[in-house]
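Note that the chains are named A, B, C and D in the order they appear, and that numbering of residues resets to 1 at the start of each chain.
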Amino acid sequence: MTRTLILGGLLSGLVLAMALLSLIWTPYDPAAMAIPDKLQPPDAAHWLGTDHFGRDMASMIMVGARTSIAVALVAVGIGMGLGVPLGLAAAARKGSWLDEVIMRGNDLIFAFPSLVIAILITAVFGPGAINAIIAIGIFNIPVFARVTRGGALPLWERDFILAARVAGKSRTRISAEHILPNVANLLIVQGTIQFSLGILAEAGLSYVGLGAQPPTPSWGRMLADAQTMVSLAPHLALVPGCAIILTVLGLNLMGDGLRDALDPRLRQVRR
Amino acid sequence: MGTYLLRRVLSLVVSLALASVVIFAVVEIAPGDPARFMLGVNAQPDTVAALRAELGLDQGKVARYLAWVGGMLSGDFGTSYTYRTPVAQMVADRLQVSLPLAGYALVLSVLIALPAGIYAAARRGRPGDVAVMGATQLGIAIPNFWFAMMLVLIFAIRLRWFNAGGFAGWDAGLWAGLHALTLPAIALALPQAAILARVMRSALLDVLGEDFMRTARAKGLTRGQALRRHGLRNALIPVLTIIGLQFSFLLAGGIIIEQVFYLPGLGRLIFQAISARDLIVVESVVMLLVFAVIVVNFAVDLAYVAVDPRLRARS
Amino acid sequence: MSLLEIRNLHLTIHGTPVLSGIDLDIAPGEILAVTGESGSGKSMTAFSVMQLLPQGARASGAIRLDGQDLLSLSETQLCDLRGRAMGMVFQEPMTALNPVQSIGQQVMETIRIHDRSADAQAARARAHDVLTRVGLPPERFPLGRYPHELSGGQRQRVVIAMAIALRPRLLIADEPTTALDVTTQAQILELLKRLVAEDGMALMMITHDLAVVADLADHIAVMRNGEVVETGPTRTVLRDQTHPYTRMLFAASRHAVDLPEAPPPVPLLKVTDLRRSYPGARPHPFAPRPRIEAVRGVSFALHRGERLGLVGESGCGKSTLTRAILGLDPVQGGSIHLNGDSITQHVPHALRRQIQVVFQDPFGSFNPRHRVDRLITEPFHLLDDPPKGAARRNAVADALDAVGLKPDDAMRYIHEFSGGQRQRIAIARALIIRPQLIVFDEAVSALDVSVRARILDLIADLCRAHGLTYLFISHDLSVVRSVTDRVLVMQAGQIVEDGATDHVFAAPRHPYTQTLIDAAPVLPDLPALRNETP
Amino acid sequence: MTRPHLTLALTLAASLGAGAALAQSTITIAQQLEPPHLDPTSAAAQAIDQVVYANIFEGLTRFQGDGSITPALAKSWTISDDGLTYTFTLQDGVTFHDGSVMDAEDVKFSLDRARAEDSTNAQKALYAGITDVSVIDPQTVAVTLAEPNGSLLFNLAWGDAVIVAPESIGDIKTAPIGTGPYTFTNWVQGDRIELSRNPDYWGAAPALDSATFKFISDPTAAFAAVMAEDVDVFTGFPAPENLVQFDADPRFQVLVGSTEGETILSTNNQQPPFDNPLVRQALAHAIDRQAIIDGAMFGYGTPIGTHFAPHNPAYVDLTGQSAYDPDKARALLAEAGLAEGFETTLHLPPPSYARRGGEIIAAQLAQVGITAEIINVEWAQWLETVFRGKDFGLTIVSHTEPMDIGIYARPDYYFQYDNPDFQALMATLTATTDEAERSALLAQAQQMIADDYVNGYLFQLAQLSVAKAGVEGLWENAPTAATDLSAIRWAK
């Protein structure tokens, strides 16, 4: 199963490398328009062709990778940053009002139709990458809170936690010192999954015009721009579509591979 | 069970009350005025004021919130600002598309996913499993709107097997209705089926590791019999959870798909209403969706009880 | 003529040898006990017979049931034999039953799978009979009951019913009583013995408990590292113990430690009328939650330098009591005093450091991500001025040395240690801040007999060196008997008997104590056996 | 769906030698937006007029496809010498769809309603000059003005001045009752509206028995629907890039006409640095109109150099005055003291002319050192922030009202152009009825706003429609928002 991890890692690494490379070099300026050269199919000059404004698709894909990664990464960061402490707190005080409030709050967020809320958020604050991040990030919070709580609860029953309590440590300190490191594997795996979902969500929001705004290239908006031109210039939809699919595929494979590699049950077999 | 029910109903009520406040607040602070939107650029301030008065927008926010919630409690969801028809009726019309679409997609998803998941679990680690899991990875990675675009391109424009979109209504007959919803349902079902197949597989694999599966084999059941008789029902709990989540997702999540196939569904109603600042429609429909999600979750919990006798003993 | 013949059985799993050259025979109506410590391959031998082996297993040799070589049969033929010609009972009754099917359905399934002619009615009638035979008459335990509505012992009876429903010629029982309390164990063993006698079945009994073996089996096979080291009629094996390993096993099982004399009584811990209850499920939505009383007015005192035992079956409240003493759960009534200071509700650090604990599970007691030095110095948290630098290293080295480990071990991770070593580390952790009281919570229950004997010796050594005071909680009477001066017997949340260990075991006053002691299987007196002439 | 049946019917009809026209008496017309409701007199939504104008509702006068104003419910009229009183004679035998007779009382009701205190008419200003509407007899009605207005007949042709009956006004939004050649039959919200022929129509009977309006907002879906022949006509096709394909396909015809929409880069004349005419002039020279038309509209659209429709006889071509010249733009900026450029905002409403055009303009402005931050907004937000709040630097919008140069005379209008000379010019124009004089005044007005570089004048928005090859009689241009069904027929 390490094959999955390698394949996923390679795909994700490729996308990351592309994004990083775009910081210092792209084949063309991704914002430079050349309207007479629009809708060129891929050729030697433009490896992935040009879009409806004659911009170089390859350059846009590279910079678009940066947008996708940045949005998804920060959204996962928000989800983890808020969700993990909430999950730890809920598990530390299982059954208390705090646990109840946190878990019911989670259910409530889950109950909201996420896309509708994202649209509302952008209607209130205007479209843009930051607001897309917030919209995606909010829905990541309950995911991480649940995973953390779910992973932490059985740990609280383990003897080593009891031993730490007998050693006089506070619940907060035990959460930080013993629980968090032991749910880290779960969080890494979930983080990878949420990261890939974040990329899909960013693409979806940009597709309906609510993500990163022009002139910042974004895969979702490239698809939205391409949609009426698919039959004229199929590469316009195929190129960003494949970029999204390969990135998400890579991240998911990596998540699966990590899960297998880090699965606590498998660890126990090795002990 | 009774305790459980009461607690669930209580938390349901609290959730809905909180949701109504959140929804109202978010919708109300969105910039834009429905009256001005209706009247366009040449309207004069007194005309806008007259329309605002006619729509009841000149009242205070608290009064409007209370009127809205009070109305909903008595079954009145208000009247659309732009369409000037009762929201309840509009929603009922749209549900005729969205509900069957969600149901259709869910059925497709389950029909594809469960056999695929079972097949993969039964052949764990063998080429069949690898192929199915590879396909599900791909299914999850494909953005559904992109997939929808491709479906239209191939099946509606090139092959002309299906209409490119639109929905004539159920008056045109059940078959015509299903035919019109087939492509959208496939586009919606694909990623869901992929997720469900993975859940089915891993749930089954978990169950296969349980002691009672060994007991079943010791009785003389073949691997397949043990899987069917003892594995499936135990694996059903995580699968049910996901199915419940998916139904609520499908109900609201079809927005983009409804757009691509220009279906007169709930998602498109919300989209239109948001851009027209038809606040009451947005509020009521979002509320309804939240309600639907909570009710579906509740139904899923009841389904657990049907599946798992351990939960029945809570009385 | 043997019913089951195992000849030169070799088994590898993913290429790793597990069994090598096993030869065993069981005749109809005979009980063969296969015994040995963990990893000896005794369970794999059982699964080889059932041909229910994990993926990647390859068996060679011959396993003949009634002359038919099971290794040469197809999967379909094996399915036909399993459940009909050979049945199996497993160790863990709590998980061996399908939780979403009623017990009737599960017993009927065995019948209907092999007898296509049996309709639901007939199968039901036969399930009725079988369940009655195993002591679950449907009048009291309807067929529609679900597993979670039964106790562990009752569930094990259902598993047995499923295994014997078609009166198989061979029954394999894999540690069938290990997860059960002694009194339940005695009943299940009694049941198995009766069924063997009634049906003339052959029983292959896998167990680690030599006392059970001695009591039950006609023949014994002692296994170690995938080989049978000694086999023969029970009495002969018990008497002769030709193989050194057998001798070691028996010695370890009856190991008695040499405790130093206890000092004159000075009260250390005083528990007075302690009550501990927690909320249960509401009977109906508007009813208040009933309180479940786990500890109902327990009082006792523990003296400085005393070794106190606490015995009782599962659910008697001994774990709850332990947690209350450790200050892990709030108490609802009564008081706990240490050296005259109350630790009932709040435990100040200064007092907390006087009580440390050693838990049962050698695998779950340590954070797998920390090194040993960090693990055992965790209680330093309780010191106002914890040692640092060289002082800390010395403290770690001393603690490890005291429990028989090397100072170098401080830098290793916990997964590099065996179960016995981990319990030593747990003791080091408890000792490192020199507490006045150590609680051993089933501290040796998960260990093999030979390892257990060494840990018990360690405890005795520590008593000599440091004058330990401890509370030793266990369900295993023989262990408690050997390492305590005084014993408390707990039943249903109350202490029913309290007295000097020797007295209590020799002349129990309370009927419950009496039942416990009677139910516990004991090894026969070896010298007496030796005096018999063969 | 219906298509297979229709095809079957066609084949049958053809094989029997009967006229195919028999089957082709109905049509499905798609448009991008769905009407919010069906009352053209209380909303600005063009989608309403696209369905009801001249089909369900009629006014005293009406627009024809070529932009001319002709009599409608008013058979004829006389204008008093002072230009203050218009006396209309109504058509005979006009009934509403509910069977009631349309008479002068209904005209009075409709016009009074439009200009009333609590009116919610979106174009109330157009009718504010009317001081009195009086019924002379059932067939005659007199309209009195406060001051002469050369545009009254034009204004009365708007959909906002159609004649409605007091009896049916309550349900007008969902069940409109008018006098037109088609009656409203059904509305499946979110999907379609169906009309059928009014057998009692007072004028010439239209060719089609019934018509269905379908609403397809997504451009991709629009393309797919036409390609798959789900619809017969798509008026105002939203994706100009697809027209090449339709043009090349013998199944379809593409109609390229003109709308009344002057698409402009609206500039906030009161916000620095745009209060400096030099900066506005620099802006004008920084923009390459042809690139925008090619890039955003795929070549459809006529460049304009002022705020006036090129198809209007009074139009003056002033595009040369603001030719693309980035060097000049940079020089002008330097002259204005902004050699280093500056930053501003560019608010873009949803239509693709704005969103795509905006991207191109932002790139062009970047070439001369102006950084325009693109802010995509919905219409509701645009109306709130840009139009009402005047909180913007630049925006792109198509002003689709016919003959709307008058907005430059309103200093509080969102781009806030305040020029007393221009305001005086417009006042003169309103009071002038002579066509030649009006043309001269309009030319002067066009020149004035071009000289002041009030806004960046981009192009006249093209009216793009796609229809099946056999459809005849569609309006090529869009002098007002309308789909005049009475002219449409299938080729024999």
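Here are some notes:
Keep in mind that, in the parts below, a contact is a pair of C-beta atoms (placed from the backbone, for glycine too) under 8 Å apart; a residue touches a chain by one contact, two chains touch by 3 or more.
Everything numeric in this text was worked out from a predicted model, so none of it was measured.
The chains that touch both chain B and chain C are A.
With centres set at the average Cα position, the gap from chain A to chain D is 44 Å. With centres set at the average Cα position, the gap from chain A to chain C is 47 Å.
One simple way to say how far apart two chains are is to compare their mean CA positions; for chain C and chain D this gives 87 Å. One inter-chain figure worth recording: chain A and chain B are separated by 22 Å, centre to centre, where each centre is the mean of the chain's CA atoms. Along chain D, residues 220, 227, 350, 378, 381 each make contact with two or more other chains. Contacts with at least two other chains are made by residues 123, 227, 230-231 of chain A.
Taken residue by residue, chain B touches two or more other chains at 31-32, 149, 153, 157, 259, 274-275, whereas all remaining positions touch fewer. Every pair of chains meeting the touch criterion is listed here: A-B, A-C, A-D, B-C, B-D.
On the side of chain A, the complex with chain B involves touching residues 104, 107-108, 110-117, 119-121, 123-124, 196, 200, 203-204, 207-208, 220, 223, 227, 230-231, 237, 241, 244-249, 252-253, 256. Chain A meets chain C in the complex at residues 158-160, 162-169, 178, 181-182, 267-268, 270-271. Of all the residues in chain A, the ones that touch chain D in their complex are 31-33, 35-36, 38, 52-54, 123, 126-127, 209, 213-215, 227-232.
Listed in rising order, the residues of chain B touching chain C in the complex are 2-3, 5-6, 210-212, 214-223, 225, 229-230, 233-234, 307-310, 313-315.
On chain D, the positions that touch chain A within their shared complex are 219-220, 223, 227, 239, 241-242, 244-245, 291, 294-295, 350, 355-356, 358-360, 362-363, 366, 374-378, 381.
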